[in-house]
Each structure stands twice: as C-alpha cells, then as structure tokens.
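One chain, chain A, links the two complexes that follow: it is found with chain B in the first and with chain C in the second.
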Partner chain A sequence: MTSAIPARPVSPDLEPDTTPGVGPGGPSDKKATAQYSDRVRAERRLGWILAGPAFIVMLAVTLYPILQAIYESLFQFRLTAPGEREFIGLGNYAVILSDGVWWSALWTTLLITIVTVAVELVLGFALALVMHKALKAVRGPLRTAILVPYGIITVVSAFAWFYAFDINSGYVNSWFAWLPGIDSDLNWFAQGPTALFVIMASEIWKTTPFISLLLLAGLAQVPDELTEAAKVDGATWWEQMRKVIIPNMKAAIMVAVLFRALDAFRIFDNVFIMTNGAYGTEVLSLLAYRQSISRLEIGLGSAVSVLLFLCVLIICFIAIKLFKVDLAGAQGGK
Partner chain B sequence: MPTRKRNSTRNRSRAGTVASVLAGTLLLSGCGPADGTKTLTWYINPDAGGQADIAERCTEEAGGAYRIETSLLPSDAASQREQLARRLAAGDSSLDIMSLDPPFIPELAEPGFLAPVPDDVAESTTQNVVEGALAGATWKDELVAIPFWANTQILWYRKSVAEAAGLDMSKPVTWDQLIDAAAEQDKYLGVQGAQAESMTVWVNALVESGGESIIVDPEAPSDEIELALQSPAGLEAARIVSTIGNEGLGGPGLATQDENTSMINFQGDNGSFMVNWPFVWPATNGAVEAGTLDASLIEDIGWGVYPQVTEGEDSAPPLGGISLGVGAASDSPELAYEAIECIVSPENQAEYFVSNGNPPANTEAYEDPRIEEAFPMADTIRESLEQSAPRPQTPFYNEVSTGIQQTWAPPAQVDPKGTPEESTEFIISVLRGEQLL
Partner chain C sequence: MTSTKSKVLWGIVTVLVAVYALFPVASILATSFKAPSDLTNQKFLPSPGRATTGNYEQILVGDAQGLFLTALRNSIGICLISTFIAVVLATLCAYAIARLDFPGKKLVLTTALAVSIFPVISIVTPLFNLWRSIGLYDTWPGLIIPYLSLTLPISIWTLAAFFRQIPWELEQAAQVDGATTWQAFRKAIVPLAAPGVFTTAIIAFFIAWNDFVYGISLTSTEAARPVPAALAFFTGASQFEAPTGAISAAAIIVTIPVVVLVLAFQRQIVSGLTQGAVKG
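Presenting the complex of A and B:
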C-alpha cells in the first residue's frame, strides 16, 4: 500500500518553483531548467541518480507486467493446454462484458467502494479532529490506539471478523440478539446483504485509521490564524468547520478519498476469507483471481485484470481532475 | 475448503507440523551425507507429520540411493492444485514426488505434466488396491499416478436418534429415511451445504448413487462435454438437496457448513445423522480426551455405509485420498518411482492410517491388527471404498466443480426441477468459453 501524505507546499524542495507534489520521474519543467544555476542543476542530476534505479525497477515491476497482461488478454490460453494457445483479438473482452457475472461483480465492488469510503471519511474526520485537539499528554497513546487496526494484517483481521460473526463460533449473534433481525439462527454469510455488511464493517474498521491519518495531516496545515480570525468574528464551531477548515484542507480530503477509493475498489482479502465470493459477494479482484489463478485461463484472467486496471485508471482520472482544480484553487488563494 | 478431511487434531497441530517439517528439512539438509546422494523433493499436503515420517523411513531404507525431503503445500486441495499446476507448467524440476488429489490428476496428466509410470512400478504398486483409488489415478486407460491412501465418506449416526426413529442400522438406510427421522425428531442432518468443494462431493455421490455420472464422457474435449445432471439421477439428487435445504433439516448454518462445522453440529444436542470422512472419529475422541465433549458421546456414535438414494440399490460413497505423481521435468524420475514404491508399501500405509487417520488404498494394509483397534469402523471404511465412485475425471474438473458449487449452494435455493438444468447450461457455457466462472 502506498501512503503518501498530501503534498502541500510545506517541504523545502530543491526546486521551489516547480509544482509541489511532483517528485523525480514526474514532468519536469524544461523552460525553467535554463534559469537554474550550476548548483541546482548538479543537485537535479544527483536527484535522478539517486531516484533513477528505483524508477527503473518500478517500470520493470509495474509497466512490464501490465504490457504482458494486455498482450495475454488477446489470446485464448489455458496454462494446462499450452499447445492450444490461439489469438482471438478482443474475444475475451466480449465474453466478459457480455456476462452478467462481470457486471454484478462490478456493482458489488462499486457498492463496497462507495459505502466504505463515505463512512470512513466521516469517521476518519472525527478521529482526526480528536487526534488534532487532544492534549499533548495523551496525543501519543491516542494516535497509537487509533492506528492499531491499520497495523493488523488484513487476512488476520478478516479471520477475526469472520469468526466473530460465524454462526457456529461467533459471539455477535448472542451479544446483539436484542436487536431486531439478529438471533442465534442468523447466518451472516449465507446471503449477500448480511455478508456484505460484515465485509464492509471489517473494511471500515481496518482502514479508517489510514484516512484519519491523511486528514490529520491536512488538518495540521490549516493556519491557526484563520480559525482564530473566524472565532473573533463570532463564527460558531460549525461555521468555522464549514467555511474555514474544510475548504482549506480540500486537497488532503481529495487525496484521502482517492487513495481509499482505489484501495477499496481492489478489495480482495476480506471477501476471499469470509465468503470466497459466495452468495452475491463476488468482487472484481476475486473474479480476476478465479479466472487466472483457479481456472488457469491466462487469457481470460488477463482480460479481467486489464478491465480492472482500466476501472482504476478511470477513478484516478476523475479524482485527479477534481484534485488538481482544488489544489490550484487553494494555491491561488494564498 | 478441504475435501480430503484429515483428523482435526491436525488443525490444532498444524503449526507444530509446519515447525517439525521445517526442522526436519533443516536437519536433513544440514546433516545429510555430502557424498552426492540424490535428493528427491516430495511435495506433501499438510498432515499430522505422517508423510515426513515415511520420507525419513524410506530414506533410511534406501541406504544412500536417495534422500527424500518433504516440502509443504497449502492446506486446501484447491490451493495445492494451483501451486502444483503453475510449477508444472513452468517446468519446475524440483517436483520429484507430489501428493495429488485425484480429481485434479487428469488436468495434470492431459498436457503431459506427469512422468509416465514404468510398467514394473505400475505392476507392483497396484496389487490389491481398491478400484476407486485406481480409477482416480488413471487417465485415458493409463496409470498416471500411484494410489497412496484412499478416503471415503461414511454415514455417522447417533444411536439414540436412530433408535427413536426405529431404524435398523445394521442394514443400509436411504436418504428419505434419514430426512423423515430428522424431521420427526427436530434434529439436524449433517451434510455439507457451503459453496465449496464439499458441495460437489455431495452432489456427485448422490448422482453416482442414482446410477449416473455427472459427466457422460469424461474424456471428451471441453466443447463436447455432456452432463447428466438432468437425468433422473440428477433430478433425484436435486430433490434430496432441496428437501434438506428447504425444510431446514441441515440447521441454520447449512449454507456455510463444511465438513468440520457439520461434525461440530453432529457432536451437539441436535446431532442425528451425518455423512462425513473418517477424521470424525479421531477428532471426536480427541475432543473427549481434552474434556470439551462428554465421554458418553462416544458410546452414542454409530457408523454405516453411505445412505442409498434408491432403496435396495448400493450407494456410491464419495472418494478422496492422495495419489503420488512424478513431475515430467524431474531430473530423476526413475529414482522418484523407486522412492514411491517404498512410500506406498502396505506397512507404511497401515502405519499412516494408525498415526494420521488416513485410510490405506491397499486392502492388504487393513490386515494390520493395530487398525481395528484405532478405527473400529475400518471394515465399514473398506466396504465403502469398494463401493465408492470418484468425482468426474476430466481436465476441466475445476470448471465443473465450481459450476456445481455456484448453482447448487445454498441448498435452500435448489429447485428440484430448475437447478439441474440451470447448472448444466452454466457449466456448458463456461466450458465453451462463453461465460465467466
């Protein structure tokens, strides 16, 4: 999992003129290069030398497999029938996109993404506020306590949630029997809605700390003078929040939403452990796994993966477009 | 989900097993003779340490001809297959000996991933081997793997429940009798309704007991495969599954119930009858010894052959187990087969049954006196093995099995008329590459 803190112009960069948030490997500003002194140029070169190997490794481990997957997706190819490999163009894509299984997995994945990100954003913001406002004495232990779920391996937390809700070994049914609809005979994993509820709850529990950490970074960047000025002007807590704090941390919120949305969209572990995709809980990553790993249908599986990748790109595209506008807006106001 | 059920003490001791296997491997590699003795790698499914013991014994007996090292595969059959298939396809030369689940053997044999069995080895290792295990190790009339142990499901029952129902358990009973008995006494029938391999095991046994096979011609290419799910036997199977599901006879947890959870329910107050692998016996005894179950439970447990679908017609119980294969890319297939001859000796099979609870494929091994003591139901197991029928032997087993799981689970959604048809259409279109799985 990548975890970058939202880039606002806070770190003293080597090149203060360039767009914040663009590291080595990003688009460099050629016009500006001419104006740089020898020292700056040497530092830039050093930067490339230091980051270059990592950049090349990145290309090797991400770009190459992506290209390979795109290539394989054009074939009908089963690992256990190597002799019958056959070029079928976009045939695999036609099979996938005309199949209800793909669409139902896509809707399930989208549902999980939207619900978990929305809930996490609210919860995460509340936790970020608590961490931000907490007294110095309890700040450390509080942050640690909030971050613990995020430190637990997803497979482990998935098993913990599974056993808690399991009809045979779980305690949830007896603890919450007073709630309508819950009794000792409720089998959470036997139908889609209840199974998805547990999967999403586990996902939210596990990754809310991540989003709250990103939001805390954003919160820390809101200048105190602004909130103080608002307070002097008689703004209520809610008005400060709505008119000062949230607009000033929009970039952090967008980064948090983007990262979590991408993560949630690629959900695998929780579903794999709890239901293995049974009873309407199939998600896209699991569908790709089932085709290429279980069925050993490399062509079909690659095509599912490529489509999954395209979905991720679309989410990125939408989010980054929004994100850029906000970032520019925030800077313009400065 | 594991199909080959092992004794559940294993589940608890898995960590210990892993540790001891690792330690064993380290010891072997650390203290092994430096004289260039050929090392054979045996990829084993997790067990209670029995395969590692056999590897050690055979290494000793070989007197320096070879040394067997074990390497642990993932815990469930499907993941074992995934790992082996990928390694075999990549031409991994370390796959000298592999513990293979029979349903996946055709898939590996068809593309030539398994080294051919030498005639003399085939001759010496197939004497007195139960027919089902032999069928499971055969592909296109040729032996492609060596049967090691054979598993089968038997009918477990609570004597008190059978007595109250007035059933004569000395004779085979039918599914309908069990359904009536459980319904009358408001007890749960122990069947496996989870969307997992165990569902295929159940459906296959029902269809086979009705005198049909799920796949009409298992050797047909993928686009010509025909299914017999819509035959009278298939419809009858759907009726039984649907009745148990819709009348709630499997209990509220049926839709997610596998072999282990059905055993736990069977041991509880609502237990009545259950179809399950022999691991139930050591697991229940272990739980009684550990004090988690009442000792009187053991007295109340009886066993018989798998229930019949049609009264008077022998059932075809599920068949599981492990056969040993040799990778085609192995550097020394002859030596590997020599080692296999040692591994599958009747003495080793008997020892493995007593220590790990996995029944021998060789009937000669059942004559060991220790077996009767540890497994009072050994005769029933043997009889069941003779009657058993393998799951569809096809290179497309994964598609067929997953297709059945996705259409037959949960049992409460099975429609006695619609499901066999829906299942057939789904599997056929997946096999023709027109649909995703």
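Presenting the complex of A and C:
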C-alpha cells in the first residue's frame, strides 16, 4: 500500500511549514544524519498528530463498546432487576447456543446473505457491463438511475416493497394473478418463504448499485488490448468473459463479494419493517435487538452481540485465508 | 454498422435500467397520493379522480406534523453534525496518510476497514446501557457519537484515495513562483482537494441518513428520534386506519434530497465510491 502512493514532494521540509505548531524544518541543504532523523521524527509526530484523533475516535466508538459487551455477556443481568446482577461465566452463551432460536436465526441470516450476494453479483455484473459499454450519451442517465437505490433509505425501500406486496394495499397480487400460486388471497408476509422473497428483493434492489460500481471499477482495469487480442483470436463473447475479463478482475469481484456479504449478514431494517422477525424470518441482528432493547436482557443481548461479532470475524478469516481476498487492495490498486 | 441500431438498443437498455432503479420509488410515490379509503384498490395508481395530497398535509401541517417534522429536524441536524465532525477528522487523517511517512499508517487504514464492517448491533447493547447511565440516551449527542462509527471510516478511505491523486508538487511550484506557503496551499491545493472533501461529505451523509439500528435503539421519544426510526412508529389518523399513506408521503419527502444530490453530483459520487470503495 505504501508503495502505491504517488510521488511525494521531493524535499520534505515543506511539510512542517504547511501546518502551524510544528515549527519550521531545519536548513534543507544539510544532509547530516542527525538532522535527517530529526526531520523523520517530526514527520512521524505530525503524522500521528493529524491521524491520531480519527484513530482514537474510531477505537472509542467500536473497540470500547465491544469490550464492554464481552464483559457484560458474562453476567446474568436484566435492566428491570438491576439488583440481581450475577456473574455466570459463559452461562449466557450456553443458553443461546443450546436454543433453536439462535440456530434458526443463524441459518436464516446465512440464507439471506448467500442468496442476495449471489443474485447481486450477477445483476451487478450485468449493470457494470452496461455502464462500461454504454454510449457516451446515455452514460450520465444510467449512472444517475443506478445511484438512486444506493441513496435511498433502506427503511423507505422496505416500505415500498412491503406496500407493493401487502395483501390489502398492494397491487402485486392482482398484477401477477395469472401466475400459478398467486391470487388475491396470497398473504406474502404470513409464511417464511414468501416473506423472505420480498425481504431479499428489497435488499437486492437497494444494494446492487454499490456492488455494480465496485465491479465497474474492476472492469475499467482490464486492459483493452487483452480483450482485443482475444477477439482477434476468434474467442466468443462468453470465452472473452470467462478467460480474459473475469480472471483479470478477480480481486475486485472478491472484495465486492466480501463487503456485501458482511453487510448482508447484519441485515436488520428490511426484516424489522416487513415481518419483525415473524414466521421464521428472524435474523441475528434482530435477535440481539430483541434481547437487549426490547426485553432489557443486557447479559443475553450482549452475548448475542458478541457471537454475531465472532461470526463476522470468521467470515473475514475464511475470505482472507481461503480465498486470499486482499482487503488492502480494496482501493482498486490506486 | 451500428449507429441507429445501437442507439435504439442502448435506448432500450437505459429505459430498462431506469425502470429497475425507479420502480419502487414510483410505487411509493403513487401510494402517497392514495386516500385512506382508496388504499385497498389493488392498483398501482390511485383510483381515477381520487388522488389526494391529504397524506402530505397530514405530516406537514396536520396531526402527524409533530412526529414527522421533529424527526426531520433531528435527522438533518444529527446527520449534518456527525458528517461534519467525521469529514474534519478524516481530512486531517487522510492528509497524513497520503502525504506523510509515519509508522502505523497501515494500522489506521486497517482499523477504518474493520470499523466499517463492524456489525452495528454489537455496539448498540453496550451503548444502550452506557447512555442510560450517563444521560446520553435519547439525546442528539447520543446519536452523533455512534454515527461516527458509520461516517468516519468511509470518509478516511475515500479522502485518502482522493488525496493520493493530488499533484502535491503544484504547491512547490507555486512557492517557486513566489507564493507564500499559505498562498501556495490555498491557491494550488485547496481547489484540488475541495471536490474530494465535498464528495466524501455527501457519501458520509447518505450513510448517516440511512441509519435505522442506532435510531430506534438509542432513542425513545421525539427528542432525538431520526426519520427512519420515526417511520416505524407512525400510526394512522385513528387506530383503525393504517398509516400507509402518511408513511409513504414521509418516505417521499426524505427521498427528495437524496435524488437531488444524486442528480447534481452523480459523477463525483461514483468516483468517490469506487476510489475509496470500502462500504456503501
């Protein structure tokens, strides 16, 4: 990553000058080691003075709470009965892991993650290809259209999809009544599979633009000469895709998939609005919310939060170790 | 070959993409003009002659005004302040990352990455407990602080990517031409850096504006509840009436600024997202 930084100014003694409070750099014509290391030290100090506040704030808003959650997960503690706080070690974890609710929420979350990411990858890739190849005249309108779902509040998307499918206020049932299984009596939100379908549709609609923009950046890095050469050699469109384009943007695809997978894994808004976790649509984030915020079971809720965090770590670990995703390359190699 | 044929083809593709992107928005827009008694018409549009602006009146000047307008004020205030703090901190941090050599640079970037993929709900439980005991529960700062976990990491990555592309030599060139350090910075660097900072602010604002988990978990009244959370608490004009229309109207109102920003700055947003691309 450091090597990717474009040329820095040749003489570093300009730097301290640009920021007050560090003092002017020494005379730059002397190359004495002592002075050079002074300058290095000054630069390092300035680096941390500038980057430090952001770094500390990031740790304060995440590291501290998660440590607190780990600590609180070891207690049986309900906010409504603060006097009965009791240390129970890993007891909360035993309760959660031996409960079917946790496992069913975990499977639902995994199912949503896998299905949405797979569909988004295909759809996002198609959108990226369209934007990549588009005529100049339509490039702007295309980009604008694709960015709209990205900017829209997830809760708004959830309501839009919910109302369209809702048995009372929706029009989907009457529009698609000709399809087998769909009629005016179909209540999409009264059973798991149909409810999950709408939840995933909303999630996919809202987040595909993001993945397609990442893939677009990856596409732009595939050298044109390679595709041209393949074309000259008589490769079909599909062969060009499979042998030239996709292998050359593998890094971008992996990064996009990992980010979206981690994002999908914490799905909350769509489920909360559409079913509130009923009919087997409970997901992990909602389970944690229900324990801590609704039932005020801080101990149990903290334990669910910690487990959720561990799941994310495991996903990251698998991605980095098994699939060799280079997160540092997430910058598109710039 | 092409020109007419490919123009038509691209026209069709563009229309298809536009339909994909805008259909749910159009759907909720149509719903927002349905009268309560017309909600069950099973059609996309309000029944002919029955379209009404009643839902908008209800949330802007009517019964639900208190609920919606306070939430709107909370959302705008909290998101702007949190975006502002994040962008200021991130500008300093990204400047150091792009331009200075110091140990731990990679640590800062990795931390930003880790924070951006952190499951939000894992932070909520401890904060809920802590905020209640120190009095930050249901206040603006009680949301502004955790919003930094959303806005700060993306700001650092996006800005670091932008700053790395700035030709910093220009500053020196200006100084050679006789400008003072401050003049060189202001005249040569600021105009190049400003679009990046601005784009970052838009992206960070979108993310804060989108938040729902913190919004419903860390507030309990209108004192700080932001719009997405408030939407989930809307009730109908009477208890027998669904709040569908009011929610749709409110949803459209909070979507307008997003669409305006996207229309005005689509090019910058795309480049910001793909260069710093961490998390949308």
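In the analysis below, the second predicted complex is superposed on the first by the 272 of 334 C-alpha atoms of A that agree within 3 Å, B and C clash if a C-alpha of one lies under 4 Å from a C-alpha of the other, contacts with A are read in each partner's own complex, and residues count from 1 in each chain.
Methods note: contacts are C-beta pairs under 8 Å (C-beta built on N, C-alpha and C of every residue); 3 or more make two chains touch, one makes a residue touch a chain.
Small disclaimer: the values here were computed from a predicted structure and weren't measured.
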Touching partner for A:Leu79 - first (chain B), second (chain C), both, neither: both
First, second, both or neither for A:Arg39, with chain B first and chain C second: neither
Touching partner for A:Asn168 - first (chain B), second (chain C), both, neither: both
Of chain B and chain C, the chain that contacts the larger number of chain A residues: C
Touched partner set for A:Tyr279, first chain B, second chain C, both or neither: first
Partner chain(s) touched by A:Lys136 [first = chain B, second = chain C, both, neither]: neither
Partner chain(s) touched by A:Ile293 [first = chain B, second = chain C, both, neither]: both
Touched partner set for A:Pro149, first chain B, second chain C, both or neither: second
Touching both chain B and chain C, residues of chain A: 79, 168, 184, 291, 293
Complex contact set, residues of chain B against chain A: 78, 82, 85-86, 89, 107-108, 110-111, 113, 194-196, 252-256, 261, 264-265, 395, 398-399, 402, 409-410, 433-437
Partner chain C, residues of chain A touching it in the complex: 1-2, 4-11, 14-15, 17-18, 40, 43-48, 50-51, 53-55, 57-59, 61-62, 64-66, 68-69, 72, 79, 127, 130, 134-135, 137-138, 140-157, 159-161, 163-164, 168-171, 173-175, 184, 202, 205, 207, 209-210, 213-214, 216-217, 255, 259, 262-263, 265-266, 268-269, 272-273, 284-285, 288-289, 291-293, 298, 301-302, 305-306, 308-309, 312, 316, 327-328, 330-332, 334
Interface residues, chain A side, partner chain B - complex: 76, 79-83, 95-96, 99, 101-102, 166-168, 184-187, 189-191, 276, 278-279, 287, 290-291, 293-296, 300, 304
Chain A-facing residues of chain C, complex: 6-7, 10-11, 13-14, 17-18, 20-22, 24-25, 27-28, 31, 34, 39-40, 42-44, 89-90, 92-93, 95-115, 117-130, 132, 145-146, 148-149, 152-153, 156-157, 161, 164-165, 167-169, 171-172, 175, 181, 185, 206, 209-210, 212-213, 216-217, 227-228, 231-232, 242, 244, 247-248, 251, 254-255, 258-259, 261-263, 266-267, 269-270, 273-280
